[in-house]
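Structure below; questions to follow.
When the chains are written out, they are named A, B, C and D in that same order, and each has its own residue count from 1.
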Amino acid sequence: MIDIALFGLGRIGLMHGKNLMRNRNFNLKYVYDKDQILSKKIAKKLKSSSINNPSFAYVDKSVKAIFISSSTSTHIKFITEAVKNKKKIFCEKPLDLNINKINDCKKKILKFNPRIQLGFNRRYDPGHAFLRKQLLSGKIGKLEKIIITSRDPAPPSKKYLKQSGGIFRDMTIHDFDLLRFYLVKDDVKSIFATASNISDKSFNKIKDYELASCLIKSNNGVQCIITNSRHCSFGYDQRVELFGSKGMLISGNKKENEAELYTKNSTNQQKPLLNFFIDRYKEAYKLQLNDLFMMIKKNKKPLSNFEDGRRALIIANAAYSSIKNKKSINIKF
Amino acid sequence: MIDIALFGLGRIGLMHGKNLMRNRNFNLKYVYDKDQILSKKIAKKLKSSSINNPSFAYVDKSVKAIFISSSTSTHIKFITEAVKNKKKIFCEKPLDLNINKINDCKKKILKFNPRIQLGFNRRYDPGHAFLRKQLLSGKIGKLEKIIITSRDPAPPSKKYLKQSGGIFRDMTIHDFDLLRFYLVKDDVKSIFATASNISDKSFNKIKDYELASCLIKSNNGVQCIITNSRHCSFGYDQRVELFGSKGMLISGNKKENEAELYTKNSTNQQKPLLNFFIDRYKEAYKLQLNDLFMMIKKNKKPLSNFEDGRRALIIANAAYSSIKNKKSINIKF
Amino acid sequence: MIDIALFGLGRIGLMHGKNLMRNRNFNLKYVYDKDQILSKKIAKKLKSSSINNPSFAYVDKSVKAIFISSSTSTHIKFITEAVKNKKKIFCEKPLDLNINKINDCKKKILKFNPRIQLGFNRRYDPGHAFLRKQLLSGKIGKLEKIIITSRDPAPPSKKYLKQSGGIFRDMTIHDFDLLRFYLVKDDVKSIFATASNISDKSFNKIKDYELASCLIKSNNGVQCIITNSRHCSFGYDQRVELFGSKGMLISGNKKENEAELYTKNSTNQQKPLLNFFIDRYKEAYKLQLNDLFMMIKKNKKPLSNFEDGRRALIIANAAYSSIKNKKSINIKF
Amino acid sequence: MIDIALFGLGRIGLMHGKNLMRNRNFNLKYVYDKDQILSKKIAKKLKSSSINNPSFAYVDKSVKAIFISSSTSTHIKFITEAVKNKKKIFCEKPLDLNINKINDCKKKILKFNPRIQLGFNRRYDPGHAFLRKQLLSGKIGKLEKIIITSRDPAPPSKKYLKQSGGIFRDMTIHDFDLLRFYLVKDDVKSIFATASNISDKSFNKIKDYELASCLIKSNNGVQCIITNSRHCSFGYDQRVELFGSKGMLISGNKKENEAELYTKNSTNQQKPLLNFFIDRYKEAYKLQLNDLFMMIKKNKKPLSNFEDGRRALIIANAAYSSIKNKKSINIKF
C-alpha cells in the first residue's frame, strides 16, 4: 500500500477520494482542503486524516504521492512544491489556464525528473483505449480521420463557467488530448475553431459558448474533427470514430442497461445515455489509479503526463486565436 | 419471355400478377378468377387477357406455366390438371388442408415428373437465405438450434380464419418449411405444440389460436423453436436464429428506413417494423420469380417444391395432434 | 454493519466473500469450509476469521446472518440449523436436489417465520429487472410470451456435472425462476422439455445434456420458451424477451466495451460477450447483497426466497419427467 | 404518361434511362448522346428512339421534359435551349464548374419562369428525408449541428478526376446541398475547409484530394461538419446526424441484408455497406422521378432546383478559397 495525500475536496476530489479509499493499493493518509470544515468532514467520510497545511504531507517521508484535485489556479504551485519534496503526482486537468506559468514550472521541475500523471481520464476508458490498441495493431491501416463527439448533459453553473477558462480550456481540452492520444507519434499541426450560442443566449454575457466545433490537422495530414455541446438532452454523449485506409473503429456510448422497448410507435427504444462522467468513466477512473500505482511503484511513465497537459492548453489557446482571426492557427509546442 | 397464366386474383394473386407484369422474363398471357367481373378488371390492370375457363390456358401450347394463387381448396385440382397438360407450376401455400388429397395427387402426378414450385417465399428472402449459405459454408459449425419468430401485425378477418385450416396450417406452415430449409438433409422427427388466447378471446369461438409455440426435434437432435402470434403491435416480426457448435447467425427485421431518434426519454428509437409480407418479403417475391423462371427455362429444381408443401402440412397436422394429446408426436412423412 | 458468516469457500463462495468484504453494510466475521486448510487461507484473504465448526457462528449472537454457498447437499442442513438459531439466511441455488428434503425442511422451519434469500442472481440484474418494472407499468400490455436464452460459454468439469443434478436442476433452474419472476402473480402450469447432445457426445455417458429446450405454459396461458446450451462459442449468452399485447421488451447481452470495427469483410464487429456469470452478473451480485441487507435490517421480504427455490426444483423435476414420457407434465407446487 | 427525352447516356445516364423506362409515368421518347453508336445501342436497350441532334426533342411538342445527364460542360447549354423551348428539365449535378456561366444562364432563363429539378438525389433518400420531416415537426428542438459523413468506396478513374472540378465541386457538392436541405430557411454563412492525401499520394499530381473536411456556419449559428473520403474499405459510407436543443436524429447506413454473425472472435458482424450510389440511393432515384413527374404535371416546385445547384457550387468554390487562404470564407450567394 502506498501512502498518498489528496489535495482539493470538491465534487471531483471527493470522487477521487472514494476511489482511493476503495483501492487496495493506496492508503489515503491525508486529505487537505483550504476549507477546513469541509476537509475535516471529508476526512471522516474517507477514513483519513485532515491536515491544515499541505506541508504536513510534504514532510511525511511515508507519503509517496500527492493527488491534486484542487482548483485549477493552485495546480502549478502544488506541483512545484510536491516535485521539490520528491513526491510523485497526480494532477487534474487543466494544468493551469496560463501557458506561461506552465512553461515556467516545466523549466523549474525539469531537473527533478518528475513523474506526474495528468487527469485525462478518457485515455483510460476501456472502449477508447481499445480503439488505440486496434489502431496500433494495424486493424484499420493508416489513420486518416479522428472524429470526436463530446456533449455534456447540462452546463455547469455560471459561477463555475466564469472561472473555467472557457469551453476550449475547460471541456474541449479533453478532446484535444484524446486526439493526441490517437495520433501517437504524430502531433497537432494547426487548428480552426468555431463556436456559437443558439438555445442558451446567456452564454453570450459571460463570453463563453455552449456549442463548439474544431477542425484540426496533424503533421501527417490526419484530419481531426471535434464537436462539442454544453447540453445534451439524451445524456452524456461520448463517441470516438477513427477512420483509416483499411477500416473504421467506433467507440460508442454507454447506457444503464441493455433493455430495448418495442411498441406501436417505435422499436429498439433504449434508455438515455449514462448521465455524466462519474458514471460514464467509472472504469476509466479505476484504471487511471492503477496506472498511477504503477507510476509510483515502478517509476513507469504514466499514460498521460505534464507535457500532455501543457500541449492540450496550447491547442486550446490556439482555438481562441482561431475564432478571433477566423483562420487556421499553426501550433508551436 | 415465358407465357404464363395466373389463376386466382385475390390480394395475393394481384401482388403476384403485378410482379409478373413487371418481370422481363414473363409475359402474363392470361388471368383467371372464378369471379369473372374481378377477372376482367384485373386483366385490364395487368395488361393481360381474362379467360373464363382454365382450359384456355391448358390448351394454349405457348403457355409454359400456370401460376396458382387461387383459394386453397382449388390448388390440388389445378395442379393435377396443369401437370397433365405438361405445364410447369407455381402454387401458393398451403397445398391443401387435407393430406389425403395431397398424397393422392402425389401418386397421380408422379409419372409426369412434374416441376412445381411451392410458394414458401421466406426461403427466397435475402437475409434468411444468406443464413443458410453461411451455415452450409461451416461458419457456425454443427447446427444445434433453430429459433424462428413469426408474428403477424394483425389477425386476418374471422371469415378468412374460419376457412384457413387454423394457425398451424395457415401461418406456422411457413415456419415448418423454413426450419426444414435449414435442416437441409436432416428432417423433422417429432413435434410438441401449444397454443392459447390471451388478449383476443374471440379466437376461442372459432376454435383457433392467436398465440402458438412449437418445440420440434430433428433426426439429428437439432432443437427447433417456433414462436407465433397473430398480432404484433410493432409490425411484422420476422426473425431467424441459428445456433451452432461454433457460432450463431441471426436474420433480423426490416424497417422502412435507417433513422434513429434520441430524446431525453430514450435513445436509438427507430420506426416500427415493415408492416406485412408484401413489404417485408418484397425482394423474396422477386427472387422467387427468378427461381420459377429457371425452373421453367432450364427444368431446374426449385428451391421449394410440392414435397416441401406436403411435409409442412404433415407437421402442421401433427401440431394439432400434439395439442390434443399434450404430448410429442412423431412425424412420418 | 451486519456481522455475517460465510459457509462454503469454493469458487462461488470466494466471489461472494469478496463482495461481502467490499460491501460497507457487512462485516464478514467468520468464514467456514469443511476443508480447513482452504478455510484458513481464504479467511486471511478476506480479512475474516476461519471457524472449524458452523456452531461458532450460530452461537455468536452478533452474527445476524448465515451466507450459504457450500455444496448443494449441505444447504438444507445449514438452513435448518441457521433458522433454529434465529439467523437470517442467504442460500445459493439449488436448495437441494431432493424435493422431499426441501418439503420436510419447509415444514420444520415454518414456525420460525424465517427470512431466506435464494441465490437467483438474475432477478437482480439491472436489465432483467428493468424489464419486469416496465412490464408491471403496463408498457407492453398483457404478457403473452416469455423467451429466455441462456447459454454457458463452456461446460463445467465432468466431475461437477456428475453431482450437479443434471442440466435442468443445475442450469435451467435459473431460467425456471426467472420466468416465474416475470409471471408475477401468475405461475407455471405445465412443462414440456426436450434435450439432446450433438457436438459433445461425452454427455451421453453421464446421462446429461449439453442442449435443452423447454416449452412452459402458465395458468393464464402465457407461453414460455427456454433455450439452453452448455457451450457457446461467443461467450455467455443471456437474453430475455417479453412479448405482450402492446409491445415487446428485450434485455440483451453485455460486452466488455462499446467498440465496433468496420473492415472490407464486415461491419459492426464487436467483442465476444462477457465470458461468464461473475462478469455478466457483477452488478446483480452487488444488488443481491443490498437486498440481503434490507432483509436482515428491516425484515423485508427478499426478491427471491425459499419457496422460489422449492418451486424451481419442482419444475426441473417435471422437466425430467417430460423427457422420459415425451409429454407435457402438469405442475403441482 | 409524359414524353421525355434523355440527353447523355454514360453510366449515370443509363441508370436514369432504366428508371425512366420502368416508371409508368414516363415514356422515354428520345435518347441522345454525342456518341451516336452508343446512342443507338442504348436506344435499343431502353426501347426508345435515338436522335442525332437535341433539336429533334426540342421541336417535338409532345416532349414535355428534357432529362440532362450529359457531361457537366454541356448542362448550361442544354438547360438554356430546353428552357427556351418551354421544356421542363431535370439536370444532373453539378450545374457547371464555372459560376459565371451559371449566373449568366440564371439571368437569361429568368423570364421563362423555368422549372428545373437538380439531381441532388440525397434529398430524396427516405432516411435522410425522414430526418428533415422530424426536424420540421420539432422532434429535436432547435437545430444546432449538422454532421454529414460521405465516403465513396473507391475513387473514380484519374481521367474522370482530372475534369471533375475537384473533390469539393464533384463530391462534397452533394453534402453542401444536403446541409442546405436541413437548414431550410436558414443558409450557409461561411466555410472553412481542409484537405489532404495520406494513403494515395497520386492525388497530389492531379492537384486533387482523397480526404476533405469542412466546418461550415449558418446565419443562425448552426455548425455544420462534413467529412469526406474518396475511398472507404467497408463500402459507401453515407450518414447524417442532426443535433438539436431537444434531441438528435441519425440517418444510418444500409446493408444488403439484416444478417449478423457471432463467432468466438466477434459478435454482431454484419455485411459491408451497400457498395455505391446506384444501390444505396436506389429508392431515392425512384422518388426523385416522382417529384419530377409532379413538377411537370402540376408545375410543382421540385425539392431541389437550379438555385440549389448554383448555391452549392458557390460553397464549393469558397472551399477552395478557404484551403488556399487557410481561413474561413464568407459566402455571398
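What we mean here is this: a residue touches a chain if its C-beta (ideal position, glycine included) is under 8 Å from a C-beta of that chain, and two chains touch if they have at least 3 such contacts.
All figures in this text were calculated on a predicted structure; none of them were measured in a lab.
Novice: A-B or B-D: which has the larger count of contacting C-beta pairs?
Specialist: So, comparing the two chain pairs, more contacts are at B-D.
Novice: Based on CA centres, what chain would you say lies at the far end from chain A?
Specialist: B
Novice: Taking all residue numbers used at the chain A/chain D interface, answer same if over half belong to both copies and different if under half do.
Specialist: Counting shared over all numbers used gives more than one half: same.
Novice: Hey, how far is the Cα centre of chain A from the one of chain B, in Å?
Specialist: Comparing mean C-alpha positions, chain B is 58 Å from chain A.
Novice: Rounded to a whole Å, what is the gap between the Cα centroids of chain B and chain D?
Specialist: About 41 Å, centre to centre.
Novice: Going by the touch rule set out above, which residues of chain C reach two or more other chains?
Specialist: 233-234, 246-248, 253, 260-264 - these are the residues of chain C that touch more than one other chain.
Novice: Where on chain C does chain B make contact in their complex?
Specialist: Contacts found on chain C: 141-142, 144-145, 147, 151, 190, 192, 194, 196-199, 211-215, 217, 220-223, 225, 227, 229, 231, 233-234, 237, 243, 245-248, 325-328.
Novice: Considering only the defined contacts, which chain D positions touch chain C in the complex?
Specialist: 233-235, 253, 255, 260-273
Novice: Applying the document's contact rule, which stretches of chain D touch chain B when the two form their complex?
Specialist: Of all residues in chain D, those touching chain B are 22, 126-127, 130-131, 134, 139-140, 246-254, 256-264.
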